[in-house]
Amino acid sequence: MRPDGRPHDGLRPVRFARDYTKYAEGSVLVAFGDTIVLCTATVEDRVPPFLKDTNSGWVTAEYAMLPRSTHARIGRDQSQRGRAQEISRLIGRSLRAVVDLSFLGERQIVLDCDVIQADGGTRTAAITGAYVALHDAIDALIARGKIARSPLLAACAAVSVGIVEGEPRLDLCYEEDAAADVDMNIVMRGDGNLIEVQGCAEREAFPRSMCDALLDLGEKGLRELFALQGEALARG
Amino acid sequence: MRPDGRPHDGLRPVRFARDYTKYAEGSVLVAFGDTIVLCTATVEDRVPPFLKDTNSGWVTAEYAMLPRSTHARIGRDQSQRGRAQEISRLIGRSLRAVVDLSFLGERQIVLDCDVIQADGGTRTAAITGAYVALHDAIDALIARGKIARSPLLAACAAVSVGIVEGEPRLDLCYEEDAAADVDMNIVMRGDGNLIEVQGCAEREAFPRSMCDALLDLGEKGLRELFALQGEALARG
Amino acid sequence: MRPDGRPHDGLRPVRFARDYTKYAEGSVLVAFGDTIVLCTATVEDRVPPFLKDTNSGWVTAEYAMLPRSTHARIGRDQSQRGRAQEISRLIGRSLRAVVDLSFLGERQIVLDCDVIQADGGTRTAAITGAYVALHDAIDALIARGKIARSPLLAACAAVSVGIVEGEPRLDLCYEEDAAADVDMNIVMRGDGNLIEVQGCAEREAFPRSMCDALLDLGEKGLRELFALQGEALARG
Amino acid sequence: MRPDGRPHDGLRPVRFARDYTKYAEGSVLVAFGDTIVLCTATVEDRVPPFLKDTNSGWVTAEYAMLPRSTHARIGRDQSQRGRAQEISRLIGRSLRAVVDLSFLGERQIVLDCDVIQADGGTRTAAITGAYVALHDAIDALIARGKIARSPLLAACAAVSVGIVEGEPRLDLCYEEDAAADVDMNIVMRGDGNLIEVQGCAEREAFPRSMCDALLDLGEKGLRELFALQGEALARG
Amino acid sequence: MRPDGRPHDGLRPVRFARDYTKYAEGSVLVAFGDTIVLCTATVEDRVPPFLKDTNSGWVTAEYAMLPRSTHARIGRDQSQRGRAQEISRLIGRSLRAVVDLSFLGERQIVLDCDVIQADGGTRTAAITGAYVALHDAIDALIARGKIARSPLLAACAAVSVGIVEGEPRLDLCYEEDAAADVDMNIVMRGDGNLIEVQGCAEREAFPRSMCDALLDLGEKGLRELFALQGEALARG
Amino acid sequence: MRPDGRPHDGLRPVRFARDYTKYAEGSVLVAFGDTIVLCTATVEDRVPPFLKDTNSGWVTAEYAMLPRSTHARIGRDQSQRGRAQEISRLIGRSLRAVVDLSFLGERQIVLDCDVIQADGGTRTAAITGAYVALHDAIDALIARGKIARSPLLAACAAVSVGIVEGEPRLDLCYEEDAAADVDMNIVMRGDGNLIEVQGCAEREAFPRSMCDALLDLGEKGLRELFALQGEALARG
């Protein structure tokens, strides 16, 4: 039995609240159960120095946790900096994989993913919510006539899977994450192709067969997430 | 006419959402109109070095703005550091003025005030909401038998006042704040005594009579805020 | 009785030594009793990025304490950084309130206020001395034909007042400051209008009547400081 | 054809120079072709704070590139910090997966992996070399009677694989890495179980079948690396 | 002719103002002509970690320039950090060479040397003034019965010499320093033995004979400085 | 007897391995006995801001120690920063003394000196090796037609000398360095003129005669180093 009684291959309740704050071009509060992340998309009329004069745009991300988003307070200092940068880079890479940057013009979209409450899977919720915020920001650019057509190539979502008590489980909550023998984050494109796979033995190295089972399970959850993203965007 | 049609001595709609997140000992989302701040209170079983072995507790605060809580994105770097530290210190001083630290035991309560959306008055909303979060955290300490009785001496709230278009106004929104000739933040104790007064000529130095008028106006708003805090805490 | 036998509404001996160092465009050593601050004004032919191409100049300030300006040595590290930035910002705002920045041209005047010895009231001495240094730097600009007429609109001075042993007192020394129930810093323009008021309950929240008494007392001291600034500048 | 004429499933020439420097408890210069990394293992008689009084030891790693280990000089500043921390964390996790920390006693082994020359695959060379340095440091602890028996559970090695010009290739050099559509790093335990899998679409999302092919290819290379590690350690 | 008409082997006017500020255990304003440095000695009842429980004391120094002590304003940021640290280390080493640290007890004396005005030779003035401040701080320790007898072994002074327009000159002012072909700083113990010699070709490498001539010239100046230090201390 | 049986005026075995790494324009591994330093020269088509539009080039250096280049591991943090910056500045000044910067064009050569293994004399080995790397980088510039003729004016080498057990010794190893009463580093130009002399009393101030003896001994060693540099460059 999972802590919340879900089946081993069930997602937690997923919600997307669009237009959550009023200034950002895209602003989505995403919840995967008790994991809540505010994802905002900011459009800036500049690109990083390495893209100057290339006619290419850029998409980047910054991930951070509010100090008391978790059990014990995290200082605002450097202690979580390494982990946060690693996740920021993952989010940025994932979203860039579904954007044709040459259609963005010389502008950059910054995806800020701030964790309001953490209960496992903050990075996967962040990617899944950031896609919706990015979609809204791009729609705003199109609506304002800044770009002619959407540079989005496909949807992008992410989910965690893991082996807990010998069983493959989908979308781990914190309690399961802390007890997992293997933990894997999968980022997928809407067409089912993989963008990123990060599997890690938390306690024990794991056989190839287990890797395969986790990839299967993740794919099932990701198809559901793509549907939920689509519904949220359709509500527009 | 004010941008939202309020009378010159009217507060914006004020809301307190208690238990907003699940880990913090106190967690309050406070809104003054479109200004929204998440205030969490964390109880830690340690005190700063200068209080070691004094049998006194401590209350401190940290204020920060989410990158896209405002019109233009603020980087997570140092650029806002000076202003944020100044406000953090103000919040900490204000709340300490209503706590008998000797009744806290050797523990520290950290008030994190993270601005979700900024529309003027973020520091006054933060103080007003942090008081409610502090109250909840202290109730939790009492409920768990950690302290015998409440070290809270009185309520604490804050409000901004200012001179806009020659008129004294209560609880400025961003648009008014940007246009104000004089800006004043007032922190008050529940019994009507002053904790802190910070008045500042934004455009033009101001006569003493104007200072007096702003103090009067602020007092009116603060009495309303104390009533609203009381109602929120009564809902418990 | 006050520690040095002054009447409750008396300033400490105030001295201004102009041209104290030889390189700065303005260089004033100001003493409020044993509080000694070196204020230098540096003219730079550039403005901060946000003023580029606006034809406006800028005035800014930096405040710091020498490591052994006080009872216990202060490390040169970050520990005092928050307080120093807050005071730096106050000094800058205060002086900008008496300068018509559009008459400065695209240049910036930096007021460095370095505390040589601290005995209470360092920020008010710094503002009062910085005004004299700023005046000298502006005279130098006029003398060199860089600007046609003075952008100074009025004098600027500051003083501290407080409630010590139940009595309102003017220009607190360190011993009084440490014992004060209420502490207030007042920055005033030469015409008697207020630039900034910062009152703070150090021990006990204070009634409005006490706030009024402190403002009255401060005004008396500030009128004396304006006269002393005038005499110092007349000695030129 | 690969740039150096290797078959698609061939490793570059791999060398381990043990006892490369004289102070470290383990010191191995590892080369994967032109990628050269100095891996040192330092034994320290202390553990991180979170392990105090737990009777558990710790293994951690730090990865850095010498400024001119690569085509263009990298400044010693922050610019590569995020990437380096991410790799440091990967190396540390990977090696901890083959150590029974409870057999180390209250001591920490730090694995410093400094890249002398970078030609692709620096992190995989670092892990593979760090294992040999760790083995030597542990042998030294046993020889000095500090620990009774080896806490090493198995060997640990890593290799990169990728899709270049549509073909799965083993152990990419820089030129191939820069041209890869998919890039995957695989860390494996000596018994063939997986420690970490990090696959990433560099250009194009990839189908599950390609993920499987890369895992197969990586396993082949890793078995060869385990044999080479064994030979190097046998030369002792 | 030198800029101020001095003979090639003449010092600038040297003054020591003892007890310049009131809190420090030793506080000396030293002037070498227009170079003015405030040297304070702070006694702290702790030693650096590496001296814990060794019964040895420590003497250390920190050197800094006030922002407008020189022609162009120096930011308070990192830009001068390397030079300042190098000089701080020189001052510390120099003074430690005349102190028997085992007679200090477990305490540290910090010598802060803050340059008020710079006209060449700030580091040599700092060392020469810091010795007088150190002497006063040690006398205070003896007077308070904290140490039985002085740990001072001899006096310590420093002077700059250089080759300007082909001529060896003593105690260079800024204008000469900027034009010097060779620049040498000499730190000497009161008995004429050398503590530190730092000679540097600013423009052109220099023959051994020139090195010898500079050492001779420096020795002459240092004997005068020892006499001036003695007179200043005798005034006590 | 010296630890390795050398005569008091003998150098340790000196080796230069040119083209040690493949990307840098100059790359030399230099060994003075067990002291091993990797010196790379990087040519950059830019100069520091203070040289913009002056038609002058620049030569600068950065020195660092690998964490486990020495007995106890050095953290990658700030602890060695001051010493490393001081040595970096020395290396830069030394090499600039043998380059006519006006012949470099608007480009900068960065000399990175990374200590692989430290056994005393790392800064002198770094200077001596950096000269060879600089020579190779300049030859490359000439070969590529970037500059018409070499801006090198002479060779540059450095050696340490010291008084150990009352005896002047050349090229101290770590064990001797730690036991030395006096320590001197001498940087010399190929024609025998001095570039920099830094002599320091480590334990006891030293008489002028000892200073003279050390300069004599250093000169002997430097002449041998110039010959060895010449041989290494001739092997090219």
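Order of writing sets the labels: A, B, C, D, E and F. Residues in every chain begin at 1.
In this text, contacts are C-beta pairs under 8 Å (C-beta built on N, C-alpha and C of every residue); 3 or more make two chains touch, one makes a residue touch a chain.
From a predicted model like this one, the values you see are computed outputs, not experimental measurements.
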Those chains that touch subunit B and also touch subunit A are none
Separation of subunit D from subunit F in touching-chain steps, minimised, is 1
Chain centres computed over CA atoms; the one at greatest distance from subunit D is chain C
The C-alpha superposition of subunit B onto subunit F, two copies of one sequence, needs a rotation in degrees (nearest 5) of 180
The chain whose C-alpha centroid lies farthest from that of subunit A is chain E
Between subunit A and subunit F, the Cα-mean centres are separated in Å by 51
For the pair subunit A and subunit E, the C-alpha centroid-to-centroid distance in angstrom is 59
Chain-centre distance (mean CA atoms) for subunit B and subunit C, in whole Å, is 28
Listed round the ring from subunit C, going first to subunit E, the chains are C, E, F, D, A, B
Counting only contacts in the complex, subunit E reaches subunit C at residues 21-24, 27, 34, 36, 38, 40, 42, 44, 62, 64, 66-71, 73, 76, 110, 112, 114, 116-117
Interface with subunit D, subunit A side, in the complex: residues 81-83, 85-86, 88-89, 93, 97, 154, 184, 188-189, 191-201, 204-208, 211-212, 215, 219
